[in-house]
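Chain nomenclature is as follows: A, B, C and D, assigned in order of appearance, with residue numbering initiated at 1 for each chain independently.
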Amino acid sequence: MSEEVAIVGIGCTGFKSITPDISYKELMFEAATRAYQDAGNINPRKDVDAFVTCAEDYWEGHSIFDEFVPDQIGAALRHLFTVSSDGMIGLATAFMLIKTGEFNTVVVEAHSKVSDVTTFTGIVNFALDPIFNRPLGGHPHYMAGLEMTRFLHETENTREQCAQVVVKNRRNALSNPYAAHGAQLTVEDVLQSEPYFQPLNRLDISPVADGGIVMVLASEKAAKKLTDKPVWIRGIGWNSDTSWPESREWGRAMYTELAAQMAYKMAGIRNPKKDVCFAEIDDSFSYKELQHLEALKLCSNDEAGKLTEEGETEIYGDLPVNASGGIQGIGYAIEASGLHRVLETVLQLRGEAGKHQICDAKTGVAQIWRGVPTATGAVAVLSREVK
Amino acid sequence: MTLEKINDPREIRQWPGHMETDYIYTLGVAGERFFQEIKKNGKIMGAKCKRCGIVYVPPRMYCERCFEKLGEWVNVGNKGTVFTYTVAHIDLNGAKLKEPTIYAMIKIDGADGGLVHKLGEIEPEKVRIGMRVEAVFKPKDKREGSINDIRYFKRVK
Amino acid sequence: MSRKKSEECTYAGTEIKSEDIKQGKVLTLRDRPKAKYLWSTGVAMGRFLKELKNGKIAATTCNKCGRIMVPPRMFCEQCFKPTDGWTYVKDTGTINTYSVSFIAGDASRIKEPIIVIVVDLDGASPGMGILHTMSEIDWKKVKFGMKVKAVWKPEKERAGAITDIKYFKPA
Amino acid sequence: MFGKKRVAVVGAGLTLFRRNMKETGREMCYEAAKMALDQAGLTLKDMESVAYGSAPDAFDGIHMKGENMTDGSGAWRKPFSRVYVGGGTGVFTADAGWWHVASGLFDTCLVVAEEKMSSCYPHPAYAFTTIFDPIMDRPHGTTLIWIFSLEMHRYMHVHGVKKEQIALVSVKNKRNALDHPCAQLGAKITVEDVLNSEIMCWPVQRLDISPTSDGAAAIVLASEDVAKKITDNPVWIDGVGWCIDSTYWTNRDLYYPDYVECAARMAYKMAGIKNPPKEIDVAEPYDPFDYKELHHMEGLLLCKKGEAPKLTQEGVTQRDGDLPINPSGGLLGVGNPIAAAGLMKVCEIFWQLRGEAGKRQVPGDPRTGVAQAWGDLMQYGSVIVMRR
């Protein structure tokens, strides 16, 4: 008999465009300290069965970054490992560990110290295929420009509606103390910002941010001892479409459609539009929020832009999307981006989201994409109710 | 939380480093054949999966869907259709380009995929999805077995 | 589909020689990443580096386990709590282990061997060592447990780096 | 729907291990994965998830290299994730495959590990110069061999181990590798050859070290229900374990790998193993350097601390000895494409327990085997226990 899995503790440093006063170790230590206290003041030296950390070497400037993780999160001479992926796939890994029945309490860590990197685009570029794509040269975000053109071509969503996503999310971020990039903008501001990869403009592309997150997951039995406000992982899914950009759909986010299918099936959700109250999803490029909303089946195809324009995805709307400010408003936090979507979903479900709290949030969806040039994403369905 | 924090901005310091060295990539079993054909013959070749019927461009040594080993090579010609495009105005370092670069995903005729490449001999405003284009190769003696042996794709007149 | 035993399998792959690459017998592409960093040194290492410039080795302390830790950190990894304060350790110590390198980082050969040591510093908790190099001794005469002392760069040349200690020499 | 499930290995595959391979990383992944599927009698369609492992991106020269290799690893439109624990990755990838199936989320998992070290120019050793702390270690020009020679020397010093004893490991493993079809460096050498080989970083000499390599390995995992339908002789994963020690490696006594012991205890507990030397019939401990085999035999509790050199001298660890160690030829003989080399060890245990190891087969009908890998800053242990 297997147990359900809950998130019983969250810790976050908040996000800033730069954190020059602390090292990445000190950043992680802060997030860990907060998470363990939130999880009923557990002692990671004794009370945690496994630790999952999420990082990629070139973001950190260290080959085998795994080496530099254990001490500051309480995992020295303990069962820690790295998943080279977004924190949400780390969450899925922790979920699987607990489901095996061999682990009761598992910690997930993800962070961004992206301000330590002085060649951000050089590193994104180094992820392109060295044979077919990289030799073309240029700024790698042209891949997103290609995708946006096709997305707008295939659907009835408009350029202006994409800009509205940015306006909404950066405004929402003003209500979120964690967010680094809150702003009052207009659709015109976005449309008139410099063209970068047309139709993508400068303000369609999320700015980056530093921050650390640690989460504590527990089995049903352990969760009840640690907290009176568990948030249950009802379903989780992750998926990778072909690694060849040339073979992708471009207009559709297949990775999210398939990850959502997996997560919804696990959660027993047949009608996401009805069963999901709100969503925290990847909006790292403006159009991505619309593309992902449709892939998540939270609206019909061609409808995401219209809903956005009509205000339905605002905090007070029928389907609040990125009430936290999303990646546009909080900042792109590399591998912590997905775990932060989860964290904001947990805050909403606990009723602790403060000024951006959504009324009566029962079930939420968190989703992430790993960014250019990947076709990998993850989806989590979270709920206040265990079943 | 650490008990001590930095309060004096003069105490803030960064330590420099890098992860830069040279890399030499082999093009692989499929890539070697593909680029030799481009280099020597100016031909774009695809690899066909007999089981799925898919013609892969860029070619693979295996079908990603069914894992058949691919042995059948098909000359797919040098023409295709713009499937999507973008006009880039900044370079890798974020500096404004003097002339914008037009990138496009070109569906190659007779193939299920295509190539991500550049468009040339056209103004950005005139590019359309569905536009017919063909590969413009470098002269044979300048070709070295790279995707840049195709200079760009241009509109079919 | 029928199952193949390991003996019946072909172990695939195409070997090429380094010369094939050099002579252009196989096609290759070259690249070099742009990957530069400026890591924030933070509270612990920031102070440590600043103290090195002054010719001192700074360490942090944990009141719970009583350890004196170097390199310093703002957390005690054994107790999982913030460290409580600072102290100095000596620039003398004992060789915990050593090796003698005849090759450089790119695997090329070097003429003068480098004596590499882990030195447990006096004044720190037992076993608290740092990596450094040793000089002013024939490498064949280095011994485990040998007492060593730091040789500092002149104050003006110090940059706030571990290399402000030029090397360790026999005490 | 869920609940802990027993997990079986039902197929294994390897590419050749060579200094330079023509195949790209993803093409090598494909070759290994295809062979593993063929051996299991399964197709890609049968695979519900993929666990991938690889060591530094700085070898292959691709940031987020896992994402570049999803297709070759059989993950087209499938759940895919990459685990990464330095040199420990290969064995750990099999551990990761285990939880995909044991969790009940998936009935099958394709496990693939790959390394293409030759892309890094002029030498893969460069990638290792960036594994160190930039403030404390890198300014000295620290290399990988520096730190391992420090560990080897400390181990020799504490137990009074002689170079001659350690060299026996290299002699044994390179000879074992002569029987391995993928091997890069199978050879008949003598202890004198090792002792007379070029000094790299004393006490480490050229023949104490495994080579750099390109290569890939794969295994197919299935839940008990599925495994029983497709094979009469599954090999079960009965225990997995992993552990990481502190980053501050100069604060630890390097003579003994506590982290390997911690990982081994985790795996043995899961597998119900109480007396490892008695219950384990064949072992593949990680041997990128010859002393590491001895170090890891001790960490795996296969003998007492300091006792491994003696057992080696007595021939206990030979293929026909009482406790065969690295019958494959190990990293010293077969080659060391980091993550692929670790998973190669799991493949070897699988073949040994099935009696399919051909010329490498250890006698006595082995029933229980263990594979182990090691990584990071002399800091990581990953362990898997398998039973017929």
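The rule is short, and it goes like this: a residue touches a chain if its C-beta (ideal position, glycine included) is under 8 Å from a C-beta of that chain, and two chains touch if they have at least 3 such contacts.
As the structure is a prediction and not an experimental result, all values here were calculated from the model.
S.K.: Given the two chain pairs C-D and A-C, which is bridged by the higher number of C-beta pairs in contact?
M.R.: Ranking C-D and A-C by C-beta contacts puts C-D first.
S.K.: What chain lies farthest away from subunit B once each centre is taken as the mean of the Cα atoms?
M.R.: It is C.
S.K.: Roughly how far is subunit C from subunit D, centre to centre by C-alpha average, rounded to an integer in Å?
M.R.: Centres of subunit C and subunit D (C-alpha means) sit 25 Å apart.
S.K.: Which integer distance in Å separates the CA centroid of subunit A from that of subunit C?
M.R.: 35
S.K.: Report the inter-chain centroid distance for subunit B and subunit C in whole angstrom, where each centroid is the mean of the CA atoms.
M.R.: One centre to the other, that is 40 Å.
S.K.: Any idea how many Å lie between the Cα centroids of subunit A and subunit B?
M.R.: 28
S.K.: What residues in subunit D touch two or more of the other chains?
M.R.: Each of 20-24, 26, 34, 43, 58, 61, 63, 71, 76, 121-122, 126-127, 130, 133-135, 246, 248 in subunit D touches at least two other chains.
S.K.: Indicate the residues of subunit C shared as contacts by at least two other chains.
M.R.: Residue numbers touching two or more other chains: 14, 16, 21, 26, 29-31, 33-45, 49, 73-75, 77, 82.
S.K.: At least two other chains touched by the same residue of subunit B: list those residues.
M.R.: Within subunit B, residues 1-2, 5-6, 11-12, 14-15, 17-19, 21-29, 31-32, 60, 64, 92, 146 contact more than one other chain.
S.K.: Considering only which chains touch which, label the overall pattern as line, ring, star, complete or other.
M.R.: complete
S.K.: Report the residues of subunit B in contact with subunit C in the complex, numbered from low to high.
M.R.: 1-6, 11-27, 29, 31-32, 35-36, 39, 92, 145-146
S.K.: Taking the complex as given, what residues does subunit B use to touch subunit D?
M.R.: Spelled out, the residues of subunit B in touch with subunit D are 15, 17, 19, 21-32, 60-62, 64-67, 69.
S.K.: Considering the complex alone, what residue numbers of subunit D touch subunit B?
M.R.: Residue list for subunit D touching subunit B: 20-24, 26-27, 30, 33-34, 37, 43-45, 58, 61, 71-72, 74, 76, 118-122, 126-127, 130, 134-135, 138.
S.K.: Under the stated contact criterion, what part of subunit A meets subunit C in this complex?
M.R.: So the residues of subunit A in touch with subunit C come to 19-26, 29, 36, 43-45, 58, 61, 70-72, 74, 76, 113, 115-119, 121-123, 125-126, 130-131, 134-135.
S.K.: Sort out for me which residues of subunit B touch subunit A in the complex.
M.R.: 1-2, 5-6, 11-12, 14, 17-19, 23, 25, 27-28, 31, 56-58, 60, 64, 83-94, 101, 103-105, 112-118, 124, 129, 146-148
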